[in-house]
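Chain lettering (A, B, C, D and E) follows the sequence in which the chains are written, and residue indices restart at 1 in each chain.
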């Protein structure tokens, strides 16, 4: 095991990113899809922090970026959940495959 | 003479039409507008002639330029030479005749005449513009009126035909557009101005790309084989005036474009591609003629024969001699007048007999001598009888084509000549079947032409005779224009 | 000098008649149109005679040679410098002769028609058409420009079309006029291409210049025209042969003759005018017009003319012997006689004594116009009387129609070549010319002259002798003065025209040509001709069974001749089966299913494609996301690894 | 401080309106009709003030940029929103949550303003989210319709996903260049493959917003499900905005990668035109139809963008201006019909000309403009796009683009055919439209006809570009 | 092999494993809990990187906010004990393929890229520094983004209220 550094974190973040993407592709439950989105956003955050820490420590752009991402994630999650709940009311289901009325 | 009048008058007529409520008013306003166009066309002819006599030898007369999108190198640049004047005269004649034969349109009268006038606006604009952009603008402006004329007021499988026509013509203009853009950028001056571009030496490589685009694009309009299939369906489904405009004017836009833009701007490529053009046009001439022979519907007959006749236009252009090009322009004028008259007459017959099937008609000469006599005359014009315009045009094309001494062009000319027999066959088959023989009983009560129809027919016939009996004025008008195109060739 | 205005008037008066009667006839001149047209033409004829007199006896000759005068030349259509269609008038012996013939015969027909067409519904139209035809024919004969001749050539064709189809409600008439137009049109294409070839070779369309250029071996044009060749034949030969095709079409030479018999569907006076005396000789006239070029430069083309003419003459004569419709007999006889004129030209040489054939041909043209018009008008009178064209409905008419009988007999004698009627002299010269230059044609010509006599008298006897006629229904005599007068006038012409010293006026090079009468030489043809008459008399003077027996014994040959050697059927096969089925139908099919099909297939294909890809828009948001990522990765891969 | 007020005037004005609406909503409330009138007046004023006291400049250390062109773009968007408030009056009056709808719409518009003005990636990202999330909520405003919430769900999830991808790209750009400022990024870009990857991930967010194939699949579903006002906002305003910022991002920020993005644009624009057209071909639902047609339109916008910077910019801005009029008019007619008769299928429009000539003509004009037929402005718009795109000299590209115009004409004509030509026993009843809507429709029609013919409009845009 | 290294690897393992489980487990409630662990793992990495502030924000917003929101919504919409429906195999395979390609591409690109390091003076990410810059107006101050986010949150709130209040208006 070598000394962990930038690349390690980048790899972790990339892996996490694609784990999130995988979840987004395969989870049929809307809430779990939303969870996958959160994973994606978190992996990006990790990227920003890592770059800020290891490369561009003279400014705090990466840091601020991640802070704002977190805020946005919250807002997005709130609206998404509101919509999901609304959908649940009308569809009586939050299975994404039940919501395929609009197509072709 | 201010050329923008040619645009303004149809435009004002169209706007006025929109404001009217009463169908009778609409008709008279449309008639007045088109009469004004005709007068204007004559004034133009006269002043043009006057200018030439006074020794004004500029390529284009009455040039006017207005600023329009200067950043693109677009200007509202108008001007005419003899070729354009001839085409404008043709348009004016066809328009007034078209308005007259549509006198009995009852369905959406206002919209109908509005579309007709809009179509004429497009044609005038096209013929007088010296800027490729506005030329294209006017070319496309005419597409929608055509579509609606066929689709709303047409008959038969009108929606299909209207669609086909609009799409194929748009396809043609799409190619034209690309060709124009190529020209625009290759010239190096970033200008759409025809005269400016003409002074440049467009690189041969660009010419080789842009010429076919332009030629085929415009060729679609003028029924270049194998892009002609909109012609039969479109013409046969259109209302009478629509067919007249389509065949009389619209198809000429293509020929004019091939000549004025493709050939004029890109002489080297025109030479290179001449063989292909000649082959295609000879195919169109013969194949169109033979296909016509098998048609049973009058409008189809005329539509297919238009393919054959427009083949002469392209043949003339492809031959690239001054006489042949003059002949091509003459053929455009002649075919425009003749086919408009033909369609007008078909319309009159159809309105009375409610059929266009040749085999369902017989002996009509007895009941409507005026209409049928004109049918004879126009048929004879179509097969190139001396004294009518078709003869003058075709002979000029033939003589011009024959000036090429090589075997290929000679063979092409001979083949093209053969078509006049086939033309005689199909014209006579149709005309004699309709006009002669025992009268079909159900047509016992038919009436001859009404005043408006007579007037329309006589106007067109007068033009046909004017070209056919005294062709020299037209040739003298046109051939300097052809001369200039040929000079660029050297 | 010729008076241009007067000559123009000759041509334009009939045109005036056409325009006036064509537009206003039905309204204002219902009954008077015949008189108007006839008087216009009378004036025209008078002027023509005056002009002929002036030309032949006053100003035509310079230094003993008849000149080609061009009193009028107006550039009608300028193609390019040097190449233009001029509307002009050329005055030379043959054109002047034709002016006289055309106006005179036309006048006769006009007069005859006053009675013949009386009461017809479209009386004004009829005279308008006659006027148009006369105008075109006159324009044709005075043409100074080869394209001008084509111009009037076509007009003649169309007026012929109109007149043949005059009884437009009769399907057979419609078919006939169509056929006439199309067949001649087909030949005209040859003419047109020929014109193109000649014009390019000579660089001009003007007759005088054209002939001058092509017959003088030192000009460049001449050298080029001889040098340029296609398929091993010089351009000039091609040009002349093609022009001759046009001429053959108009003049009903084999195998382009098929329209002529059918053209008899037109009113009989029309047949007399167009299909006997004037239009059909246009071809001969055309060859005569270009004769110097034919004779001096390309004798091979002239040979073709000779053989085609001779064959047509024989061929038509054989068929004429078997026909039962009197007008058809006359039609075939016309074809045969024109064949005579043609080969007369064909065997001729240029200049002096050698140009006898030329003179003879023109002479025969002249006399033929007289007696053939006479025969047709006579036939018209007969048909008017019995209301039938078929010989079987006739017979014994000699007492009922004495004037007709007499004049018809004169016509028959003239055409058969019995001295001293007109036909004898002209035929004599032709035979002489043939004998001098082409023996084989001479023998054919002899046979034809016997055949001619036979079929003409077969006709004559069947009409006027044979069985007794039992007229049924009302009886209206022979027809009035208007019908009889032309017959008499023409009969006089047919009787005495032969005595005109034709060679003094018309010869290949314009010089005076003395044509003598050679007794020894005439014996053979006259004997043959009398034999023919005798046989016809034996067979047809009394009603008997011999003709049938004879026909039966000839079996196949008779049948073939009766069916005109099945040429019509061959044409029918070629047009209907080959052109329609093998070209027209496939072209229409190709257009409908291939060209149009491709266009539609493009449309349908696009729609189908659009329907197949619709499943990508599945409504599944996760699939969308997969496409999203796949798209991004795909583009990234493309631009990182492939398209740098 | 003075600078702050003038430079950020459009944003401040919008914020003011948002809060005013919020207070009205929280307070005693107002009748829908009066409130709508108030909003319309406010928006009109907002639009008009956009023309005064403008000057170029930047604020917040270059985070916020403005220039004549940007102001113009904002004005165009303002105009579009004002037109929306007029055109969909029918729907607004019936809606129970009109003030909230406007709050969200204006918030999104505010986000768009910031987006156009953004000077660094953070601002870009935040305003993009601000421009998206409220729209997703708006999409759900037909609360009792299943389709509406399905559409909203698809939109919010897709956009979250696309944000994730974009952020990943941005993080890589940040890592590679060390800056998020638009002015500094181009100095640090060297065209390495990581940058290519980052750019493409970044680009995919634009592609998502602009509905570029293959990132477009959400579009039609969301358009169909959403209320017409939201749909038109999404298709006109939102797209226009993203196109605007896309221009400056490509021309300025990623200038060093020009070769890359040119080729990229060629590929995706061809794909977009073709796929958009092919899908539009067989749509029955008018909203879906317009959705796919607008995808195809984006393909054309990309052609223009691929051209050189000045002509590309001006032609795209001009086209968006035209597009605002044409697309809004089309949507408005569809909405007028749908809100009265529930007819959303093209077949329902058959024979409409008999009963509703005015609406028919407006629809026809709008569709012709979208199809690019003269004399409508769409012709000029498309032609300028193509001309700008042709400057790079790739004929095949332009030919494909031009041929796509034919396919698009085909389906536009399908609607025209239904309206004008086909016979129908029971055409749509005569529809009475709100006077304000009628006025706006007339205004749109006039715009469609005149914008192209009056060349100074284009010249003005070009002078700013 | 220092303690820090070991801690890092442990945190990494925690993050990745629980992340993976969060997207694969078929018990929805467990998925939420795995997500929680994953987020905590990330917070741990932030701590490890000595970015305490962001770590704190992570825990407060994510763990305290979003995950709770998610769990609430799970309760609202689904019985907690129920197993999630299975995704069809095709979709899974395609997803895996896409994800694998993406991951490979990203890793390769990241690995081969040589990042440059700034030569500037490090700025300590202290709360004071962050706060100052967050509310600053110039010199890279983040006041404007801050305001944008606030508007966004406001709008999100309005949107959520409208959408979520639906039942109330229905009953009213």
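To be clear about the criterion, contacts are C-beta pairs under 8 Å (C-beta built on N, C-alpha and C of every residue); 3 or more make two chains touch, one makes a residue touch a chain.
Everything numeric here is computed off the predicted structure, so don't read it as measured data.
The minimum number of touch steps separating chain B from chain C is 1. Hopping across touching chains, the smallest step count from chain D to chain E is 1. Listed by label, the chains that touch chain B and also chain D are C. Here the two chains linked by the largest count of contacting C-beta pairs are A-E.
Across the assembly, the mean Cα position most removed from that of chain E is the one of C.
Closest to the protein's overall CA centre, chain by chain, comes B.
Centroid analysis (C-alpha atoms only) places C farthest from chain D. Centre to centre, using the average C-alpha position, chain A and chain D are separated by 27 Å. Chain geometry summary: the mean Cα position of chain C and that of chain E are 101 Å apart.
Separating the centre of chain A from that of chain C, both taken as means of CA atoms, is a distance of 96 Å. Centre-to-centre separation of chain A and chain E, using mean CA positions: 6 Å.
Multi-chain contact residues, meaning those touching two or more other chains, occur in chain E at positions 91, 94-95, 98-99, 102, 105-106, 109-110, 115-116, 118, 140, 142, 145, 149, 152, 156, 159-160, 163, 166. Shown for chain A are the residues in touch with two or more other chains, namely 10, 17, 20-21, 24-26, 28, 33-34, 50-51, 55-56, 61, 64, 68, 72, 75-76, 79, 82-84, 86, 97, 99-103.
Shown for chain B are the residues in touch with two or more other chains, namely 167.
Of all possible chain pairs, those that touch are A-C, A-D, A-E, B-C, B-D, C-D, C-E, D-E. Chain C makes touch with chain E in their complex at residues 622-623, 626, 629-630, 633, 636-637, 640. Those residues of chain C whose C-beta lies close enough to touch chain A in the complex are 614-615, 617-622, 625-626, 629.
On the side of chain B, the complex with chain D involves touching residues 67-72, 74, 133, 136-138, 140-141, 143-144, 147-148, 151-152, 158-159, 162-163, 166-167, 170-171, 174-175, 177-178, 181-182, 184-185, 209, 213. Only residues 21, 24-26, 28, 33, 96-97, 99-104 of chain A touch chain C when the two sit together in their complex.
Every residue of chain D that touches chain A in the complex is listed here, in rising order: 121-122, 125-126, 129, 133, 136-137, 140, 143-147, 149-154, 156-157, 160-161, 163-165, 167-168, 170-172, 174-175, 178-180, 220-222, 224-225.
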